[in-house]
Amino acid sequence: MGETVIAEMTWEQADKRMKEARAVILPLGSLEQHGYHMSLDTDNIVGGYVGRVLAERTNCAVLPVVPYGQVWSAKDFPATISLRERTFIELVKDIVISLEHKGVRNVILFASHWGNTAPVKIAARELLDEQGYSNVYYLSYMDLKKHGDGIMETELWNGSGFHAGEIETSIVLHIKPESVDMERAVCEYPQAPGDVNLRPIPWINFCKSGIFGDAAKATAWKGEKFLKNWIDDMVRLIEENIS
Amino acid sequence: MGETVIAEMTWEQADKRMKEARAVILPLGSLEQHGYHMSLDTDNIVGGYVGRVLAERTNCAVLPVVPYGQVWSAKDFPATISLRERTFIELVKDIVISLEHKGVRNVILFASHWGNTAPVKIAARELLDEQGYSNVYYLSYMDLKKHGDGIMETELWNGSGFHAGEIETSIVLHIKPESVDMERAVCEYPQAPGDVNLRPIPWINFCKSGIFGDAAKATAWKGEKFLKNWIDDMVRLIEENIS
Amino acid sequence: MGETVIAEMTWEQADKRMKEARAVILPLGSLEQHGYHMSLDTDNIVGGYVGRVLAERTNCAVLPVVPYGQVWSAKDFPATISLRERTFIELVKDIVISLEHKGVRNVILFASHWGNTAPVKIAARELLDEQGYSNVYYLSYMDLKKHGDGIMETELWNGSGFHAGEIETSIVLHIKPESVDMERAVCEYPQAPGDVNLRPIPWINFCKSGIFGDAAKATAWKGEKFLKNWIDDMVRLIEENIS
Amino acid sequence: MGETVIAEMTWEQADKRMKEARAVILPLGSLEQHGYHMSLDTDNIVGGYVGRVLAERTNCAVLPVVPYGQVWSAKDFPATISLRERTFIELVKDIVISLEHKGVRNVILFASHWGNTAPVKIAARELLDEQGYSNVYYLSYMDLKKHGDGIMETELWNGSGFHAGEIETSIVLHIKPESVDMERAVCEYPQAPGDVNLRPIPWINFCKSGIFGDAAKATAWKGEKFLKNWIDDMVRLIEENIS
Amino acid sequence: MGETVIAEMTWEQADKRMKEARAVILPLGSLEQHGYHMSLDTDNIVGGYVGRVLAERTNCAVLPVVPYGQVWSAKDFPATISLRERTFIELVKDIVISLEHKGVRNVILFASHWGNTAPVKIAARELLDEQGYSNVYYLSYMDLKKHGDGIMETELWNGSGFHAGEIETSIVLHIKPESVDMERAVCEYPQAPGDVNLRPIPWINFCKSGIFGDAAKATAWKGEKFLKNWIDDMVRLIEENIS
Amino acid sequence: MGETVIAEMTWEQADKRMKEARAVILPLGSLEQHGYHMSLDTDNIVGGYVGRVLAERTNCAVLPVVPYGQVWSAKDFPATISLRERTFIELVKDIVISLEHKGVRNVILFASHWGNTAPVKIAARELLDEQGYSNVYYLSYMDLKKHGDGIMETELWNGSGFHAGEIETSIVLHIKPESVDMERAVCEYPQAPGDVNLRPIPWINFCKSGIFGDAAKATAWKGEKFLKNWIDDMVRLIEENIS
């Protein structure tokens, strides 16, 4: 792992590695409810794991996961911490600006939490507009239809929701099973309020467990397969586009 | 550890624990150079370890370390990431505001990186002035004279500096020895510029290794003793003042 | 129209109408390139027209279109004006705050320009968090797959792009044909850069005309049909959810 | 009008025109009470009309009116929308910055609403200081003493006030008579509080109709004459000073 | 003077006095060029003197002059210090907020520098809107036509300019003659650029001495008379309107 | 004093002097409680006096004292005015930016009020980072242990506190005795709350007089001696490091 994890290097080692690596990957997680059965740091577990694997496979280096994110939808659940949109964007921008001063070739912002996806794009736009950085990339969050085809057995909630459900649970069962208590993995397809797409409605208003889907259908095997599809896809995107 | 590490709990467990615990501790680290011999995440290692021990001993709970900090002095060293003062303050404030909405009894901001100490106090003042929170505490960073008496063999640099030197290295030797390469632990007492206290001067201008003191004098034994003094002192402060 | 267009009323008339109406609709347009064949105010034409029809059909009142928007993607085309994300959000928030002080029952933010969609949602979230307003709604921009089924003959660009193409052109042919010069309506399916979803890339970098799709296939009939589907759908959403 | 109204052009036409025109004019209006007898968009009607005539007579081009402004004094009247000073300034600055990137020769900020006058000057100063733009002009709002000499029959309120009174009403009678209901045009010279020049006092505190002066004395003829004087004066200023 | 100058009191004395006094006066000056013959602190001299006299005559108390102001027009002259508009406004607001927490009856913002006049009004508006303070007053700067009638012998520059000219010089000759060197008091009526009212133009671009008018015509007698008129007028305004 | 006090010069004199002087000194005071016996402007008296003496002895020039500061700890005492941290920093930065445009050789920020010390350093850092100014210096506030050795008879409060006590009172007895009423100079060593170093606690919560120490032990002789030590030390620092 000597070539991958920046945090474990001395500054001399990291200096050399940051300049050689195809890109430096910054995983962006959260401390967010993940149902009755998964730990609050689920997005950080996934961000740390996937970030490291991506780095190993594409000659990149990986930074420590930012463990707090923009968690608007779930912010009123107990124990969930949310940063304001602007705070999160400034945090990401400051880290990228530091990195650019170190001579990195590229930066990849990897949102392992859905809510970070949109502000990460705003950050990248502002870094381009204000600083002229055209080497700041972002990876889209998992695409359940694309990467879960033939794996996922249950339906997406309301056509797109999947938080803490079959696939996310499967992923954690594969990479850190001790963070999942399958005995408490339930199925909840909450009744969506009619105006769910018309105004901002915190999940707590209509969802009991924090799960959107059927977590009980999760298996480590599904997690392994899904991760392979997702990571292979991101590896391809990186290799074809970032140099 | 079920009663201590919030990130490893489900939201139901954390909800219960956050409300019962004397306080929730937020360790605030950095990704910063620590000489030729220690890894960049030294402050995060210390923050995570000390935060957890403090929590265990004082009936507190601990949050994930914020792994990026205000690192002005070292910011021009390779591989060192620094947040602007204001970004760091807003980040801390957002996390505290989320916590207060969850019904925590108290919050303890624990800066395991020196540069975070001053902005943490500003954050606490602003949280009091703007939000009326009078239950936000901060723990001072290690006091080498007080906690190192009879342990530390070497001099402080310029009367107060100790970054990556005898004691910090000793601490990591005790809690995570694989993060130290003692073969590269050197002694540097850089010549302080005459105006070092008169204007902001980045360390890179006058320090070669990033070390202030004699890292080669570090031992795991010293780290263990120092940590005991430091942690005992903080435990006492918490028990006597926070309830 | 006496019951619909706020701007044409005196303050006494508007006062009465604002309090009676189901909601006040704020159309949010832009001054943006729309190919070789359509005028820069296309989004304002659509916003004004659709906003007024919606208001008439749902017992709402409509405000003047904001004629400048967040136009990041097209901002480097000649003659295109773009507001920064934050400026646009503050503008929307100030208008809503004024409206809430007037005793309106509800506010509907209607983005008639795609780039306004995301910042409008951020504005609504901030208005909820900061001001406690839970009566601020937004209408999603046109959904070409849903509302264009059986009408649209050409493909979406890259799976989702349609700017200034078959349907937008058809809509303007129906509601303001003098703003379209079909002789200059061309077909362009620009080659998408491989990293188009990986980093912010201004359209000017890869698109010549500013059109994504085949504008030459537009007809007023298609515009009429599409508009009917789209507006019917929004009328239903308003009637079922906002009162 | 093909050479004047930017919004009605394609981007290719506007590109050519923006670069050739002496200046691009940005009218800045408001949605503000104008008495019992005039519509809320009075300042937008005037801004659009005068902006267009000025453009035609001086080889300029004109942008869409910004229909919301800084309306502090009248902001507590029903149906009146006000932007905060800073929001309005940032909005103007963003539009100008976009324009400057398009290669315009000059920009003229034309406040057709009195409250916009001061923030427009601040915007121009900041654009000079921060961006170095020395080609951003502003036109003063109507000067009733200067342009109304021999036309205006009534007194200014408190030495300077005229909102929705004889002259403004006359102007709208000339350019859009259907926006005036002369049956409801009253005369009000509200009693000025003694401290009206000593602290900020919203008009609603002391004015009933929203009118300052005698709207009943308005005639289309006066509007035509006044407009001629005002516009001739501005044409002269533009021709003599902006190139 | 024990009842007037807050700065010279202990906190106990000031506490009592602040609560009893009709108002607390905050003079707002500048460090700005005042021609070849007057010192840079002219506005502070005038602010301190007039503020104290006003306080003595109206049962007010006076605070220390803020000696730096918004000096946009003169900011490019040597030795002139200018605050940005927003900095100046925040400074004034912070001081007023502190005062309101102390139980003052009223606050009077007294701009003894012209450039402070407009931002002071913005500050007062924001204090009303944001904090609900309706007891924050401002005094208009000297009105040369009104208070100089029968005293001033020379013309205003361009109809309104008078900086460092006959009257300002006369005032300082009366209250602090050692700050004036009449041997260097010249007459300059700079040629106003044609666009002086159309865009922001720093004075340095067209004025050599920094004087607008004829400083050589100044006498202490004129200063005394003018001051009497000006102060009497302000005393009357305070007594009639502030209690 | 013609070579020292900028405010008393004309712009021509100041222009010459600002460019010749080793540095321009900006004293930063406050309006803050100083016990029952000293006036609120104590820090301004000290700042003005020491600033001027320093300037005379080191070929510097001195600016007017900023008479309002960041006074967080004492802000809840009557009559004490406090600026927010950010306001104070922006104020200092604006003044320095103006000075740098005038061609000064160096700037010295001299905090004559303790609470200004930390924000002054932040300002200097930001001026270096954002503007590239490496010639902005700050002088540390008085060091009672170092400069009071052999002079100070009483103990520091809680190891470091001294506000309005023996030494500050002695200094003012020496430089402006009429600002001290020794009859009301008391001794108070308030009981420090146990958590005084753990969270922000306004002084008013535990201190009655506002004094930390024994003001009754003050003498003019001690003030003279202390000042000599302090000023000599600062003179040496300036001469050795700033050119």
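By written order: A, B, C, D, E and F. Residues from 1 in each chain.
One rule holds for everything that comes next: contacts are C-beta pairs under 8 Å (C-beta built on N, C-alpha and C of every residue); 3 or more make two chains touch, one makes a residue touch a chain.
Note that the structure is a prediction, hence the values are computed from the model and not measured.
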- Would you mind naming the chains that touch subunit B and likewise touch subunit F? none
- Can you give the shortest number of steps from subunit D to subunit E, where adjacent chains in the path must touch? 1
- Task: Pick same or different for copies subunit E and subunit F, depending on whether their interface residues overlap by over half.
- Result: same
- Task: With chain centres defined as mean CA positions, report which chain is farthest from subunit C.
- Result: F
- A-C or C-D - the one linked by more C-beta pairs in contact: C-D
- Task: Take the average of all CA coordinates in subunit A, do the same for subunit E, and state the distance between these two points in whole angstrom.
- Result: 57
- Chain centres from averaged Cα atoms put subunit B and subunit E apart, in whole Å, by 50
- How far is the middle of subunit A from the middle of subunit B, if each middle is the mean of its Cα atoms, in Å? 27
- Scan subunit C for residues touching two or more other chains and write them down. 86
- Just say which it is for the chain contacts: an open line, a closed ring, a star, complete, or other. ring
- Could you list the chains in ring order, beginning with subunit D and heading to subunit E next? D, E, F, B, A, C
- Task: Show which residues of subunit B lie in contact with subunit A when the two form their complex.
- Result: 6-12, 14-15, 18, 31, 33-41, 44, 63-68, 75-84, 86-87, 90-91, 94-95, 98-99, 101-102, 179, 181, 184, 210
- Task: Quick one: which bits of subunit A touch subunit C in the complex? Just the residue numbers, please.
- Result: 72, 85-86, 118, 121-122, 124-126, 128, 134, 136-140, 194-195, 197-200, 237, 240-242
